[in-house]
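So that you can tell them apart, the chains are marked A, B, C and D in the order they are listed, and the count of residues begins at 1 in each.
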Amino acid sequence: MSAVLQVSNLRKSFGGITAVNDVSFEVEEGEILGIIGPNGSGKSTLFNCVLGQLLPTSGEVRIEGKPVTGMRPCDLNQLGVSRTFQLLQIFPQLSVRDNLVLAGQEHQGTMFSRLVGRSDAGLTGAAEQMISFFRLSHLADDQAGSLSYGQQKLLDAAMAFMAGPRLVLLDEPAGGVNLTMLAHLRERLETYQRERKATFVVIEHQMEFVMALCTRVLVLAEGRIIAEGKPADVRRDPAVIAAYLGH
Amino acid sequence: MVHFFQLLLSGLATGAIYALVAVGFSLLWQTSQTINFAQGEFVMLPAFFVLMAMNAGAPLWLACLIAIALSILLLGVVFKFVIVDPMLRHGVLPLVISTIALALFMKEAVKDFYSSQAQPFPALVAEGDVNLLGAVVSAQSLVVLAVAIVTVVGLNLLLNKTRLGRSMQATAQNPTLARILGIPVRRMVLYTFLVNAVLVAIASILISPIYLAKFTNGETLGLAAFVAAIIGGFNQVRGAVLGGVIVGILDNLSAAYLSSQYRAAFPLLILIVVILLRPQGLFGRAQERTV
Amino acid sequence: MLRHGLIASALVVGLGIIQQAKAQNSVYMPAILELSGTGAVSGTNFRDGMILAVEEINAKGGFLGKKIEMPLLDTQSEAGIARLQVQKVLDNKPYVILGPVFSGSVLTSMVLAQQAEIPQLVGGEAAAITQRNNPYVFRTSFGQQFSMPKIANYVRDGIKAKSVALIWVNNDFGKGGRDNFTKEMNSRNIKIVADVSTEAGQADFSADVVKVKAANADAVFVYLNEEESARFLREARKQGLNVPLIGETTLLGQKVIDLAQGAANGVKGHVGLTVDAPIPAVQQFAERFKKRFNYVCDHNGIKGYTGIYFIKAVTEKIGKFDSKAFAEAAHGITVSPKDEPNILMEATWDKNGDINRESFLGEVVDGKQKIVEVLPKLGVK
Amino acid sequence: MNRLAAAAIVVATAFAIVVPFFLKPFGIYLLSLWAVLTIAAIGLNLTLGYAGQVSLAQGAFIGIGAYTTALLTQAGVPYALAFVAAGALSFAIGWLLGYPALRVQHHYLAFVTLAFTTLVFLVLRNEEWLTGGIYGISGIMRPVFFGWSTAKPLDFYFLCLGVLIALSLATWWMVRSPWGRAFVALRENPVRALSLGLDTRRYTLMVFAIGSSLGGLSGALFAPLVQFLEPASFGLNRSFDLLLMVIVGGSGYFFGPFVGALVSVLLPEWTRIAEGYYLLVYAALVMVLMPLCPAGVIGLLERVLKALNRRPGTAASARVVEQ
């Protein structure tokens, strides 16, 4: 069976600068792939190319063998690909529950049925589950904007999971989250991944987090993959150390 | 051909007026996100300051100085602190409403307390026409043109060559960064309001001999300047000027060669096309801040 | 914006919260005028003319023992609002309704007054107003269907033009004049070689003058508002447009002459009502007006002033305040200065409510309007 | 809070039904006008308040709807059909006007729509063969339904009120449906919405089209109300006025437009004491009131109520924040 995500010879350059330079990798079902690398190594650009936020200069992206290069994010999402963002991306004026319903509703019925059908698109139950899964029940009715940063991170992740995606790309989930909250987040991610057999790709600075969470790690520097393998091995790889120290 | 040149020349003269108004318009936008829908009325008003001063017995030159001073006070300081500042943090729209209301207020005030009739206005330069290769343009228009160019060049020098000017630009482009660099942002913003006040006063004094001082003058002028500013590029003094000239000339050419009934439509069509294809304006810099 | 300002007028009245207190010994004649917006100049002139008349009459104790109560209502120069104002005052049973001036506003509101059988004294000049056999509408000045033939004849016989260029302001005043003038020209088979529309409040007339010039017609008919006329005249002089410029009151008025600063010299045309008329009564009125409001009144001022005295004359004729009787009596009435000096000039109202007066051919000679010929009343049709 | 709102609605509706019986024609006329303009304001509130798409074109759509209705009915088409046509045409044009919104946002969008409004005015004025040009269209008849003539003020008012209530309910249903949530998402965070599978493109066009069609339907009532159409009534001022209604009422609050329209109709009346200077006072009042309650009347109310009992806003009562 083919890989869930397949990236081949992906290249993205802005004017003169090449942010992502001929990157290829695959992600198998149920994997948690970590992508690490110093700042400006092209991690986020790579993400945005994969997710259709940016159009790659060349190369190809496939989801379960289906070419999706340059497809609009919303269509990708409909194929079961979802993501979280490096900088918080929630809907501050909506209640936590509405945030989650919103995250799921576009996968329910048709445009028309969403107009005439139930106002919660039949998602209240699912939303409540997700809320309690991330232990946010006491906040369900609060405006998302009023949550603490860490809680918003949880909500962000919860939204990414709401539609039961097959592939989730997490962009620095640990960024700016305190350690207790971090442990909680990681534990939740692992549980979710175990229960749903979902596939994760995680961009992260926070080494400990990546090492603990990921089954495989991929190291990016100056837009190229310089190392790949089990967390432990990668950690000892001189090239990697060089890249980080050199930075 | 002579006709064409005539149209070009007159269009240029009118365009210069629009330019003067448009420059201040885009300055305000850059530094304080103020879309001043009363900009036209800002140009209408100072002329009446002049007239009032002259009725009080002041000679023209003095009256003009008084008018400029008054507009710095009212259209600069008061406008900023009383109208704009309280509204800014509430976003663009409520402020838009306020400036629209302000426009109505100024019109009504002039009509009720001065006159609803158009007033003849003394010309700074002697009446008289100049003949350029068959095309005729009034001395006044030439003066307007000259002053517009001088003002804009001066403004450009101020903005690019002086420390103050660079600070103002920095403020316009990135207040946060400017603040970090230790630029007194709030004062810089105030300065742009004062500059605008002076510009509109000058414009008012220059055009009233041609337009005749009347409380409704702002209506057409405001829209034209507004269109000019956007076409030329909202974030560039130079842009606003070229925009003004383009609108002035375009208006004449379209009225003469395309359709006088739709003459008002062509600048607007250009506006739409420009916004869709080149939101930063024909001569604007690409990195335009969004609201 | 905020246009519903007046639309809202007296929602409160409507709600019956405030009732307009009508003094017993006064007669309620509301004035609905263009006090703001594009029509403000005409509206305020008309208003001041009426105020002057009302003040004079009330000072003498009113007529038939009642003083005139004349509240002013603003139409903001919009027909919709004008209609609302008429609707509003109708709730208070007026004796006569005064205004509006803009033809569009008149055309929308006159139906209501007709249904309520209240006479309406309007300033509008569009031909259509008196062609809808509405027995309750009365003019205060020539309809365009009367003034245009006079100009047309002048263009044909006075100027002896074979072709004319036409420049007009694109609002209901200008368009109406343009359409009627075009009709008259065609019937006299004089060719219209240029037909230039301009915007109200337009400042730059170079393109328009270029067009008119290019047409090189025998004469140019100018039908713009006062300020625009002045701006046009200056541009015309600038580009050395040297064909006869013909116009109406809005081209020959003293205001235009002042604003045009010399460029108006040589302009000719037909003047319905003018403070420069060679009639002592008119000039004395102009004096009074200037003294009271310190500006030179234009034809709208005279329209407002004489309008009030027209009402006085008719009312005194029927000897009671009865709107229906007024409407009947006013048709075919002739008011002459002998009986009512302040009517200024003898005037007759025909069965359609059209007014018929002497009018003038004028010419601007070194900064002054000079009446070159007095045109008699048209044979009453 | 919801119980309170419900009570308020009941009372208001009762008023709207009972009061006109005690009014003179003029008062009834104004109430009808309020109802008609509220419909347009609801449309604008949808586009601007919920979806955050600035539009200065709503006035133009009232015009498009009004002229469509007038022309069709005078050509002998039954009013009901003309009414639908007005809505449909505005929907289509609104959809097209939505495309710029896919490219530019905020003030730029405002400029485009502003230009559009002026262009519509020019067409209405210049295309005399179709629109009657500057003279406009007069003698527009009020409709008759199965023998029920709405010629009398009261009858016509109840027609307007009926349509208003029907459209309000439809809109209410929509804003609490997933669509409403999607519209708010467009305003709050389009990027995130896109990554959650929201076809932001389609929703944007849709919200523009629906908002505009409400403008058109309002126009379909405006024509028989005023019974005379002229281009000037659909110029920029009308659009500014509707903007005022939405902002003053409370942008993004469902009941904002109702209040806003009422204020925009009443405020000048309160300044009436100022005689000839009423417009002056009016403008001054607006300038004073804007800073006091930028979130509009409803926004103010909500703040007060929140102070009383802490309850969060929901999608239906989320308000615009410009970043």
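General observations
Simple rule for what comes next: a residue touches a chain if its C-beta (ideal position, glycine included) is under 8 Å from a C-beta of that chain, and two chains touch if they have at least 3 such contacts.
Bear in mind the structure is a predicted one, so any value in this text is a computation, not a measurement.
Excluding chain D leaves the other chains in the touching groups A | B, C.
Chain centres computed from CA atoms place C at the largest separation from chain A. Distance from each chain's C-alpha mean to the overall C-alpha mean is smallest for D.
Work out the mean CA point of chain C and of chain D, and you get 37 Å between them. The distance from the centre of chain A to the centre of chain C, with each centre set as the mean of the Cα atoms, comes to 74 Å.
Annotation: 32 Å between the Cα-based centres of chain B and chain D. Residue numbers of chain B whose C-beta contacts span two or more other chains: 100-101, 104, 108, 261, 264.
Residues of chain A in contact with two or more other chains: none.
Multi-chain contact residues of chain D (touching two or more other chains) are listed as 125, 240, 243-244, 276, 279, 282-283, 286, 321.
Across the assembly, chains come into contact as A-D, B-C, B-D, C-D. The residues of chain C lying in touch with chain D in their complex are 1-16, 35-36, 72, 74, 76-80, 83-84, 87-88, 90-91, 104, 107-108, 111, 128, 170-172, 175-176. Partner chain D is touched in their complex by these residues of chain A: 51, 53, 72-74, 77-78, 82-83, 85, 89-95, 98, 101-103, 105-108, 111, 114-117, 119, 121, 141-143, 146, 159, 162-163. Those residues of chain B lying in contact with chain D across their complex are 35, 83, 86-87, 90-98, 100-102, 104-105, 108-109, 112, 223, 226-227, 230, 261-262, 264-265, 268-269, 271-272, 275-276, 279, 290-291. Residues of chain B that touch chain C in their complex: 3, 6-7, 10-11, 13-14, 100-101, 104, 107-108, 111, 115-118, 120, 127, 129, 136-138, 207, 210-212, 214-217, 219-221, 248, 251-253, 255-256, 260-261, 263-264. Chain C meets chain B in the complex at residues 1-2, 36, 38, 40-41, 44, 170, 196-199, 201-204, 206-208, 210-211, 213-214, 226-227, 230-231, 234, 238-240, 255, 258-259, 261-262, 295.
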